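The structure that follows is given in the form of structure tokens.
When the chains are written out, they are named A, B, C and D in that same order, and each has its own residue count from 1.
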Amino acid sequence: MTIKIGVIGTGAIGREHIDRIENILSGGEVKAVTDVNQESAYKAVKDYNLDATVYPDDVALVGDPNIDAVFVTSWGPAHEQSVLLAIEAGKYVFCEKPLATSAEGCMRIVDAEQKQGKRLVQVGFMRRYDEGYVQLKEALDNNEIGDPLMIHCSHRNPGVDENYKTNMAVTETLIHEIDALHWLIDDNYESVRVDFPRKTKHSHAELQDPQVFTLKTQGGVLIHAEVFVNCKYGYDIQCEVMGEEGIAKLPEVASVVVRKESKLSSNILNDWKIRFMDAYNKELQNFLDSVEKYGEPQGPTSWDGYIAAVTADACLQAQETGEEVDIKLQDTPDFYKKQVAVRN
Amino acid sequence: MTIKIGVIGTGAIGREHIDRIENILSGGEVKAVTDVNQESAYKAVKDYNLDATVYPDDVALVGDPNIDAVFVTSWGPAHEQSVLLAIEAGKYVFCEKPLATSAEGCMRIVDAEQKQGKRLVQVGFMRRYDEGYVQLKEALDNNEIGDPLMIHCSHRNPGVDENYKTNMAVTETLIHEIDALHWLIDDNYESVRVDFPRKTKHSHAELQDPQVFTLKTQGGVLIHAEVFVNCKYGYDIQCEVMGEEGIAKLPEVASVVVRKESKLSSNILNDWKIRFMDAYNKELQNFLDSVEKYGEPQGPTSWDGYIAAVTADACLQAQETGEEVDIKLQDTPDFYKKQVAVRN
Amino acid sequence: MTIKIGVIGTGAIGREHIDRIENILSGGEVKAVTDVNQESAYKAVKDYNLDATVYPDDVALVGDPNIDAVFVTSWGPAHEQSVLLAIEAGKYVFCEKPLATSAEGCMRIVDAEQKQGKRLVQVGFMRRYDEGYVQLKEALDNNEIGDPLMIHCSHRNPGVDENYKTNMAVTETLIHEIDALHWLIDDNYESVRVDFPRKTKHSHAELQDPQVFTLKTQGGVLIHAEVFVNCKYGYDIQCEVMGEEGIAKLPEVASVVVRKESKLSSNILNDWKIRFMDAYNKELQNFLDSVEKYGEPQGPTSWDGYIAAVTADACLQAQETGEEVDIKLQDTPDFYKKQVAVRN
Amino acid sequence: MTIKIGVIGTGAIGREHIDRIENILSGGEVKAVTDVNQESAYKAVKDYNLDATVYPDDVALVGDPNIDAVFVTSWGPAHEQSVLLAIEAGKYVFCEKPLATSAEGCMRIVDAEQKQGKRLVQVGFMRRYDEGYVQLKEALDNNEIGDPLMIHCSHRNPGVDENYKTNMAVTETLIHEIDALHWLIDDNYESVRVDFPRKTKHSHAELQDPQVFTLKTQGGVLIHAEVFVNCKYGYDIQCEVMGEEGIAKLPEVASVVVRKESKLSSNILNDWKIRFMDAYNKELQNFLDSVEKYGEPQGPTSWDGYIAAVTADACLQAQETGEEVDIKLQDTPDFYKKQVAVRN
């Protein structure tokens, strides 16, 4: 069976997902597209040679009875409405981050989904599909290092442009760690504090860079999450978990090892798209496969989207106040507690 | 466009390729199958839920006008006939190793293909699609280590059963290095010699294990290729190229790094299928994409199949005689000299 | 010339230094010993076959006109008096940490030494002589990674006994990082805060373990220093400096690399004495060589001892209060600013 | 007790050993020197501020009744005579390689030493004292990888000058592997063959570089020993032993790890003196300690010197003939079979 997909938002990420579905993955077909910029929607149809209807808006697209699943890849503030429309129509949703721009918006989605009685929504946190994170999660789940006590992680980009402001360290960058870390240790955040080291000379006036977020969980795990988006040397994602019996760490990205000019070296990537290309592919393939095989997506849920929203808000407040800020999550509904099987 | 595929041979590797085409890759569809064991063919159709005709033999399958490309995944001695049939019918062929069981057989295929005036055949040497080999090839092509002088490589399996005899070190194991190494350094083999260290106690009566093949190329590169199929510790593929300016080496397989019980360790795989899963996927996706985009497959050619056959024969003779054996290759036809672009 | 040494304190560390001077290093000779336990002093003379006088106390030993240098390896609270005696007698001093048990005590030593007009005292912070730290310091001094912004370091022991209490994480463990880090980046500490993750089950009632100290420097460098003394897996010292252009990290301890049972592994030490054996040897050899060649020791100074004392006090206060505590250092006297050449 | 040493040969290596004895190590004192160039001998006394007699020749120096041990660091062809003189005088000998320039010369030394009834001679093969080799030997002796089957090792220098000819790959370079490898696996060589890859453009007319020596042992171990003295990239010593249960490999030299400019890199040394500085120190300290504690040196014996001479001769013959050459060693005398304890 081929899942018929409608794509809401044909900007960069929308086009990439269309390319994946059409040219790389198996089991899906783009049959409808829309964008606030209709020309962009028509262009996508043409560029990817789609057999797809162009709709004027998300309402119309979601209403197409031939569409099984909706991809929400529009501008962040538009996500909530599209997701709610799709849920109400009983359609599957793959929604890029953020699920909604507020905790309340996420909660509206959570409520709507529960009313439908089954999971329909997967949020685009692709880290969980990265082979290194999968291995790290397995090591933890297999109790290879005992119960976790501390995490030290780093999210480093070689550089960002002037549009990237201090708060985007949370909404655009740390957001991936926010999702990945609570999933990794199966724990909830309790508080966050931010430290600002001296600003690197490679940053600009409106960006404090680097930043270190100290998160504490209900289980007592202490997390230091460094965000450093003008680190110059490359795109580098590090994550190390200290447990009661040992320590486990993300592998370095595999790279040919060269001995030359008195150096033993391997390559560090510069591009996050290359770093997580496989994860993006596996994420979408898993969405398609899960919907077909189990009738429910198995990836990050609406509840994960809610956790990310609440935590990100607290991180922003911590940035502004310089204080330790509580992260107040509602109790996880049973609906979202059942086991998730992300690996094929 | 979806490429319509006929599969000749529905044993283990045939079924895996069917699964890839149907459930993992994009752009292909299995529309016909055959097997000397007709039940096996019917079972494949059922197991993979194929919309495919079961044919009594390769002649009939190749004759189906709806089939664009033929996958030859039958027993080795049957390959030559099926490939020749497909070429004569002007169809694309993906043929698992060996292309043919003799140099003469390979040459017949080479001749037939040239008569058709374009490349139709890709041989299933998947190493060229492994990310590590691709990086190593790029390092060489970019002259990062200067001209190559020596290669040291190892092909190690944790263990083999009693059906695996001394000669299979060539035909089943070294065959991958035979293809990958001449591609890597763009050079032709000239001679081979075999050294037998003391046999490991984990081998059996009819298997000399390990073995080391010393190959010399026309360009003067000295290659030591170790085959060790009862190495116990894991499935491990190593390859290091010593050049005039430096050395480049395949990366280790990325693995979570653990500190525990006084050891800093990462995992070594045991299963070649996991080791080269991505390479198999990329190999077939590249075949499908190349046929669609360029009208010719871009992977290992019939001529590569011929080189492998001649070289393997010399290696077998070297095993038997204990002498250095010449590898006498005919000159590469211009037809097979044009640039091959394997990477998407 | 052989430097004639008097050793005050013939406990474990005193005996080790005697062994080094007599049996491993060049240029020193133990000619006098004393200990509050006189039997211990006599035993050291006998065990190491010393040609040395046993004195009843530090006053008598320091008064021996044949003694060029005094090693203070007694109980911490006794250090200050012995060091002051030696300084007043114009003798060189190698003093194990702590230089004195209070900032005021250290300042009395600093004042006394300045009155003598030349550096006489070296404090036993051996990390600066560790090959890895030396390389890291060179990388920073050579501006290989630009100006430092953050440091992440870990001090992990496999386990400690019940005598080790929470405060000893500062006085016995972190004290080494306190000295090494300000030396590494040539900066002064400004504040410290402590976070306590959930206590590992391998700790005991009176020990909060692990602990993470967040230190900030006058230059704006943010330091996370983890102390984890029941980490189980080994003795492991990590230090990574994030700079404006790149990152530099202590090397792992060199160890044979083994492939076995599906693991690629190297060994982690369990014993700090083995980890820093070379550093201890180089530290003392450098003391002996510097005294002979330059007439002044070149290692950690009394001022470094003072910095360690003030910083450790703040760390202890941070442990008790849970607050961020200021580290108020007096200005560095010019006397202690001149260049130190620690490497032969 | 201080061992009184006479040094025969005050060239570069002689001076370095004098420096070690006087300024780095414990337990030895240079009391006599000689050199065919008497000025060189006088200069050494002055430069190192020695309390030593300058003798006109080795006969006179060995005759000094105050001398306990003789260091033979003269020109290779002079070694045999000096060593024999020292043995006949019952003195300990530390002799740099070669012990003698012929197998017969070595055998004369072996015979003379046996007549004295105890081991007097240690040959300067310092690899056995390198921490990496010690660990590798321990791994093998502890049966961590089972019985050895193959060894792959490399000896690479960044470059050599025009005085270095093809045969010196054996006498100056491979000679270290010849000693280290048979010690490592406790086995005897049986044959050797040489392969010459294409010569690197960085070599010169009279030097075939690189070369690969294939050695076989009586126990069936197959050794590939690469000598590559114009490898450009650094001084690099590699050694990997493949056993029946696993593989063990020399560690890389510990080096600070840097992330910078899209590379993760560590440093490779260029200077063999730095690479083996610790090994040289430990080698001589072990000689001094063993002589004092056990009355016999515990390092490489005259018999090891004989093995090196016979094997090197066969390697030279293999270079010239291009054939596999037998290595015919006499049976090891019981005198040289007793356990050697090289580690303190």
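To be clear about the criterion, a residue touches a chain if its C-beta (ideal position, glycine included) is under 8 Å from a C-beta of that chain, and two chains touch if they have at least 3 such contacts.
Protein names from UniProt, one per chain: A, B, C, D = Inositol 2-dehydrogenase/D-chiro-inositol 3-dehydrogenase.
Keep in mind it's a predicted model, so treat the numbers as computed, not measured.
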Those chains which touch chain C and also touch chain B: A, D
Centroid comparison with chain D (C-alpha atoms), farthest chain: A
Approximate Å spacing (C-alpha centroids) for the pair chain A, chain D: 58
Chain centre separation in whole Å, for chain C relative to chain A (CA means): 45
Rounded Å distance between chain C and chain D, as computed from the means of their C-alpha atoms: 37
Junction residues of chain D, two or more chains touched: 232-233, 245-247, 252, 255, 259-261, 266-267
Residues of chain A that touch chain C when the two form their complex: 146-147, 149-150, 152, 195-198, 200-202, 210, 212, 214, 216, 219-222, 224, 226, 228, 231-233, 242, 244-247
Of all residues in chain A, those that touch chain B in their complex: 22-27, 131-132, 135-136, 138-139, 144-145, 245-261, 266-267, 278, 285, 289
Chain C-facing residues of chain B, complex: 232-234, 236, 252, 255, 259-270
